[in-house]
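Going by the order they are written in, the chains are A, B, C, D and E; count residues from 1 in each one.
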Amino acid sequence: MLLQVRNLRCGYGSLEIVKGVSLHVDAGEIVTLLGANGAGKTSLLRAIAGLLPIWSGDIRVNLRSVVGEPPWTRISHAMMLVPEGRQLFGDMTVWENLLLGGYHNLDRKRAIEDVYERFPHLKGRLRQLAGTLSGGEQQMLALGRALVARPRLLLLDEPSLGLAPLMVREVFNCIKRLKEDGVTVFLVEQNAVAALEIADRAYVMETGEIILEGEAADLVTNPEVRRAYLGKGYKEIWE
Amino acid sequence: MALLEAANVRQCFGGLVALNGVSFQVSPGQIKAIIGPNGAGKTTLFNIICGLIKPTDGVVRMDGKVITGLKPFQIAALGVSRTFQNVSLFPHMTVLENVLVGRHLHGRAGLIGCALRLPTQRREEKAMVEQATRLLEEVGLAEKARHSAGGLSLGQRRLVELARALGTEPRLLLLDEPASGLNTKETDDLSRTLRRIRDRGITLLMVEHDMSLVMDIADEILVLDFGVKIAEGPPAQVRSDPKVIAVYLGEKENVATG
Amino acid sequence: MNTTARIWPRLAAFAAAAIVVQLSLSAVGKVYYLTQLTMAVYYSIVVMGLSLLMGYAGQVSLGQGAFFAIGGYTSAFLTTHNMAGYRGAAWFDLLDKCGVIVSRKSLYDDTLVLTLAPWLAFMVAILLTVVIAAVIGYPSLRLRGHYLAMATLGFGLIIHCVLIGSPALGAADGITGVPRLSVGGLAVSGKSAVRVQNYYIAWAVAIAVLVLLRNLVESRMGRALRAIHDSEAAASAMGVNTPKLKLEVFMVSAALAAMAGSLLTHYNEGIGPSESSAFKSVRYLALVAAGGVANLEGALVVSTLLVFLSLRGWFGTYDNAVFGIILIAIVALAPQGPFRQLGLWMGRCRTLYKPGKEARSGAS
Amino acid sequence: MYAIVAIGFNIIYSATGVLNFAQGEFVMLGGMVAITLASFLPVPVAVAVAVAIVTLFGCGLELVFFRRLRSHSILHMIIITIGLSIVIQELALHVWDEKVRSLPYFTGNEASSVKLLGAALSPQVIWVLGTAAIVVVLLQLFYKRTLYGRAMRACSSNLEAAMLVGINAGNMRTAAFGLSAGLGALAGCVISPISMTHYEMGPGLAIKGFAAAILGGLGNPMAAVVGGLTVGLIEAFSVSVIPSAFKDVAAFAILLAMLFLRPHGLFGRPSGVSVREV
Amino acid sequence: MKEKLMCGIKVAAAACIIGLTVLTTNGAESRTIKIGAIFSQTGPASFLGAPEAKTVQMLADQLNAKGGVLGKKVEVIIKDSGGSPEKAVSFAKQLIDEERVLAIIGPSTSGETMQIKPLCEENKMILVSCAAAETIVNPLAKYVFKTPQKDSQAVTWIYKTMKDMGISKIAVLSGNDGFGMAGKKQLEDLASAHGIQIVANEVYDKGATDLTDILTKVKGTAGVQAVVNWSIVPAQSIIAKNMKQIGLNVPLFQSHGFGNLKYVEQAGVAAEGILFPAGRLLVVDELPDNHPQKKVLAAYKKDYETRFKEDVSTFGGHAYDAFMVVIEGVKKARSTDRDKVRDAIEQLKGFVGTAGVFNYSPTDHTGLGLDAFEMLTVKNGKFAIYKK
C-alpha cells in the first residue's frame, strides 16, 4: 500500500469538511476519487499533501505516517501533488518552473530531459513566462514540474478543469502513460466518465464521506455514481 | 419586461477568458438556474451581476437600468441580494446579527443616531430585530439566534445566509450553489424554502450543481460551458439537449478514441 | 437584542471603580495620583477611538498621534494667539459681537490678551481634525494592510514635521500658557485645587465616549462595521456602503483623538510636538492591542493603567521598550487580547476540573 | 542609500508578504556593531563581521518571533514588526548609548572630495553608490541564476506550490530575513562615515526606504534602486523650492501620493494592493 | 452575570495595581533635602539629558559623602521625560505635589521647560533649567532660573569675532529643533546691530544626514563670507564635512552646542578651524592656573571622566551648575525654606560654575555675562582658545 488514509477528519475553522475518510492506493494503480462540488475532495488532497492540518486520523505513505510533517517533506516520500488550478510560478519561465520541480532531485537535468520527451510542446517555450501559457500548456507544465521530482505517487487535483475537450483527452492519455511508466496516480476528478475510463479503482465522496468504492469498471454503470454527481432522482432527468 | 438582463457580457482575467459574450434575461417571478461544469464562468457571472467585478465588456441591466459599474452596495439597494458559494457569513457575529446586517439597507439611523440611541433609532432597532427573528423562524433557526455564526454546521450556515439575503428584501436573489454540501434531507427542505420564497414574489437566479434540485424547481435553465452559453430553456428542453449531456457528463467518445 | 442591559452594569462598574480609586487615594493622602490618572484617562479616549477603528472596522491607523496633536494644537493656538492686533478687522468685530472673544491678562506682564473662547476653540479643533481626517482618509482607506499603515504613518510624520517646522506653532517648543476650558461651573484645568473635580470630568467624558461607542458597536452601523471586518465583499453585497462607513469611522476616531488632545492640552496648559511623533501613534496601537483589539472596555482599562504608570515614570528609561515589548508579547502570546486569552485559559482550566462541561471558547 | 533599505524591504516582503517595519534597525545595528568592532579590528574585517552578525540576528529574529506565530494576519505582522523596531532601538540605547558614532572613512578623509561630472563628491559617496550597485547586481544574479534564489522567488510567486515542490518555506523565510538584515547592516556600515550611526536612526530610514520601495514598486530590486535614487533626488531638489525644514515632508508627501495614486509603483503591475479586486 | 464578573475582575486588577504603586512609593522624609530633576535621558534629546542625569547623580553622591548640606543628605529624584513635554508636566506635578521637592533641575530642552514654567511659577517652585532658550527667563518668572549661557550672548560673541575678521555677509543655517530655532531668532535679531547682513537663511531637519544640497544653495548665493550653523548633533559635524566636500571654503561658525570633542572626532579633519563660542570647560587645560574657573572645571572634568569613562560635555556642565546653584542657595539661605532659597539664589553673586561666574539678580535669572564665553576653535583635533 503506497498511500493509506485512515479515518481522516479535517476542515476549516470549526467547519468539518472531511468527516472520517479512509482509503488506500496500491502501487501501480490509478485510483480516482469522484464527487460533486463541495464534497470535500480538494480538502482531502490538501490534507494528504500537508497543506491543511488534520484534526484526527492517520495518513501513511509507504506505511510511514506523515501526519504533522510540513508539506515540503512530502517529496522525500516520493509523493507529489499537482494542485487544482495548476499553481505555477507564473512570473518565472517554463524552464525555471521545471527546475524548481526538481528542487530536491540532484539528477534534475535528466529528469527535465524526460519531461521534454513526454511533453515536446514545452521544449519550444522554455524561455516563456509560465503565466502566459495557454490553459492546456499550463496543465502540461504543472504535470511536468511534478514529474521532474520523479515521484512514485502522483496526486492530481482536477487536471481537466477548464480545459478544452481536446486538451482533456491529451491530459488523460498522459496519465495513462504515467501508469505504464510505473507512477502510481491518485486522481481527483469531476469528469467522472473520463476518469473511470482510465482508472483501476474509484471512490465516490459525498458531503465529506466516502459513500462508494469499487473497481472502476463496475462503477461506470453504477447508478450511485451518477447520483453523487447529479443528485437524487437523476433517472427521471437524464434517461 | 425582464427584471434582469445581461447583454454580451465578457470577462477576461489576464489572458484567460472566463465569460465570452453571454446574454440572457431573467423574467420577474421565475426561478432561473445556471448550470455548467466547473470553470464555466458561473460564479464570475454572479460577481459581475452584484458588482464585485466589472466586466471587460457588455452590460447588465436591472429593470432596464444599466448596473454595470455600480458598487455592490448600490446594486444591493436596487434590490439584488446574493449568497456565496463558500458561505460568507460574518463568523464573529451572532446568527441574529448576521441577519440584522441583511436588514442594513432598511435602517435609517446614522452613526450619530446609533451612538446616541435616539428614540427613533431604538424603535427602528426593535423593529429590525423583530423582522430578523421572523426571517430566522422562516428558515427554522430561531433558536440559534444568539449563537455565534462561526459555530454552525454548513447547512445551517447556508440557511442563515439565505435569511440574511432575504433581509435586504430583494426583488432578485442570487444563490451560488445553495445545495452544495447539503445532505438529501437538507436539500429537500431547501427546495421547499426556495419555492416559498419565489411564491412571495422574489425572483431567483441560482447556480447549482445538484441537477435534481435544478430540474425540480427551476422554471428556466441556462447552461454555460467555457464562458459560452450552450443552451437555455425550460428543464425539459435542456435535459434532452445532447450538447448539454456531453458537456455535463464528460466527453466519453473522445477519451475512448484517445 | 437587549443592549441596554449589557451596557449599564459595565458603566456602573467603571463609575464605581473611579469613585473607589478616588476615595481610597484621598483616604491614604495620595490624592495627587489623580493628576496622572486624569491624564491617562484622556489618553484612553484616543485608544478607544483607535480600538473602534482597528478592532471593529479592521483598519490600522498610525496617525492617531497626529490627530491628537491637530486637536491639541488647534485648541492651544486659538486660545493663546493674541488677536489684539486684529481689533478693527471686520471678522474680529463679528466674532466679538458673537461673544466668542475672551480677554485675559498675560501671565508675566499686564498686556491684554484677546483670544477665541476656549469652548469654541475646542469645537473648531474637533471640526478641523474631522475635516483633515476626511481628506486624508478618503484616499487612504482604499488601501489595505501594510499600505494603509504606511500611509497613515506618513501622514503622521508630515504633521510632525509641520508642527516642528512652524514658528507660529512654537516650533520645537510647542505652545504654552493655554487657559482652562470652562463650561458651566466646570473647568478642565490642571490646577491642583480642582484636581478631584477634573478627575471626575475626565472619567465622565471617557465613560460617555465608552457608552456612545458601545451603542454604536451594537447598533445597525456597528454591525455593518463588524461585517466589513469579517468580509468586505459580503457586507457590500448586503447593501453596506463600505467606503463611506470606513471613512466615517476613521473620522470618528480622529474626532475622539482630537477631543482628547484638546482636553489634555487644556489640562496640561500646553502641548508640544512630541505628541504627534510616530512613537505616540505606535503607543496607541500598543495600547489597543494590549486591551484586546475589539474590546472597548479593555482598551479603557489597560490604557488608563499603562499610561498612568508611564506618566508616573514607573518604567524609567525603559518607557518605550515597555510598549515595544507589549506589542510583541501580545501578538506572540495572546493575539486575541489578554482578557480573551485569560478567558480561554480559565475556560481550559475549568474543563480540566469539570470534564463533563464543554468550554465555550472565545467568550468574554 | 535609501535604495539598499528599499531592497531590504523587497526581500522580506516578496518572500514572506511581511513589510518589516524594523528594517531601519538592521541598518542601525550594522553600523553600531561595526563601529564597536572597529575599535580592535581593521575596518574591512569589522564590517564583514558586523554584516555576518546582523545577518544571524535577522535569522534569529525570524526563528524566534515569526516561525512560531499562530496568526499571520497582516495586523499582527504590523504590530509585531513595529514592536521589534522599538525594542531593538531601546536595546541599542542600553547596549551602546545615546551617542552618535561613526566609522572612519573607508578611503580618504572627511575633507577629501572627488570631482565627478563637475560635482564634488566625497569618496565615501562613491563607496555607497558602488556598494549599492554591486548589491543589486549580485542580488539579480542570485535571484535569476541560482537555484536557491529561484526558490526564493518561487515562494513569493506561489507559496503553496513552492511548498509542494519541496521548498522549505520556513527556511526560505529565515533566509530572507537574514539576507535583508545583512544587506541592511552593509548599508549601515557604508553610510556610517557620512551620516553617522545613532540608535534612533532606524525609523526615519525605514520610512524613506519604504517610500523608495513603493516608488519603484514592491518586489523588484532594480526598481527599488531607481526608487531610492528618485527619493534622494526629489529630496535634494525640494530644498530649492520649499523651506528646507520641510524637506522630509516632501519625501513623505511623495510616499502618500504614490500610495494613493499608484500603489503598485512606477514600474510594478497592479496586484493585491487596493480593495477593488476579487 | 458573567459580564459583571469580568468587570469586577478588571476593576479589581486596576485597584490592585494602583494600590501597589501607593505601597512602593516611599513617604517623604524630612531629614533629607529633596531635589527633583527632569532630564530627557532617552529620546531625541538624550545627548543632553544623559550626561546631565549622570552629572547630577554624581554630584549628589559626592555631596552626601561629604556629609550633605546643612547636615542633611540630599536626595535627587531623577525622572526621564524622553523629551516629551506632557511627561515633563506630569513629572513636574509629581515633584511639586507629592515629593514636595525643594527645587526642580532641568528639563533638558527648552520646549519642556516652557511647558512647566507657568506650573512652577504658580506653585512657587524653584526651577533651574538646563535649557538655553532666552524665553525661559524672558519674560522673567520669579521662580525660574537657568544656567546655560544665553543664545544672545553666544551670537554677540560670534558677531564680534566676525567684525574683527572683517566679515559682513553671512549664511545662517539652523536645525528645526528648539535650540536651532531659538538661535536663528537671535542671529536674525542681532545682525543689524552688529552690521551683519544675513544673505542666506536655511532651516533643515535636525536628523538630517546629508546637507550638501543646502550648502550648494549657499555656495550659489553671492557674497557669503562665513557660515553660521546653529544646531545639535549630528548636523554639526555633517555640515563641516559637507562644506569641505563641495569646496565651500569660508569660515564656519557653530553654536555653543558644539561643546563635545566627539563632534570634532566625527567631523575629523573637516572640523579644523571651526569657530564657536563656548564655556571654558572644554579648554580647561589651556586656562591659566589663576583663572577663577580653573579649579572647578578641572575637578568636574576629572570626576566625571573617571566615573563614567566618557568625555565631559558642556551639557553635563549645565546640570552641574544648576545643581550647585540650588545647593549654594540652600547654604546661603541656611534654610530649606523654598522662598528663602529662592531669594538666596536671586542674590547669588560670584558663584563659580562650569559655564562661567554666576551673578543672579532680580532682573537677570541667567546670571552669566558675556565673559562666560570664550571663542574656541578646533586645532589638531582638539579645542583651543581662538586668538586673533
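As a working rule, contacts are C-beta pairs under 8 Å (C-beta built on N, C-alpha and C of every residue); 3 or more make two chains touch, one makes a residue touch a chain.
Since we're looking at a predicted model, the values are computed, not measured.
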Chain labels contacting subunit A and also subunit C: B, D
Furthest chain, CA centroid comparison against subunit D: B
Pair exhibiting more inter-chain C-beta contacts, A-B or C-E: C-E
Maximum centroid distance from subunit C, chain identifier (CA atoms): A
Between subunit C and subunit B, distance of the C-alpha-averaged centres to the nearest whole Å: 42
Centre-of-Cα separation between subunit E and subunit A, whole angstrom: 74
CA centroid of subunit C to CA centroid of subunit D, Å: 33
Separation of subunit D from subunit E, taking each centre as the mean of its C-alpha atoms, in whole Å: 35
Junction residues of subunit E, two or more chains touched: 41-43, 176, 203, 205
Set of subunit D residues in contact with two or more other chains: 90, 93, 243, 245, 248, 278
Per-residue multi-chain contacts in subunit C, two or more chains: 161, 164-165, 233, 317, 320
Contact set on subunit D toward subunit A in their complex: 147, 150-151, 153-154, 157-158, 160-170
In the complex with subunit D, residue positions of subunit E that touch it: 41-44, 46-47, 50, 176, 202-205, 207-210, 212-214, 217, 233-234, 237-238, 240-241, 244-247, 262, 266-271, 310
Residue numbers on subunit C that touch subunit B, as the complex places them: 1, 212-213, 215-216, 219-224, 226-227, 229-231, 233-243, 248-249, 252, 362
Residues of subunit A defined as touching subunit D within the complex: 49-51, 70-76, 80-81, 83, 87-92, 96, 99-101, 103-104, 145-146, 149
Complex interface listing, subunit D residues touching subunit E: 90, 93, 97-102, 104-105, 109-113, 120-122, 191, 194-196, 198, 200-201, 204, 235-236, 239-240, 243-245, 247-248
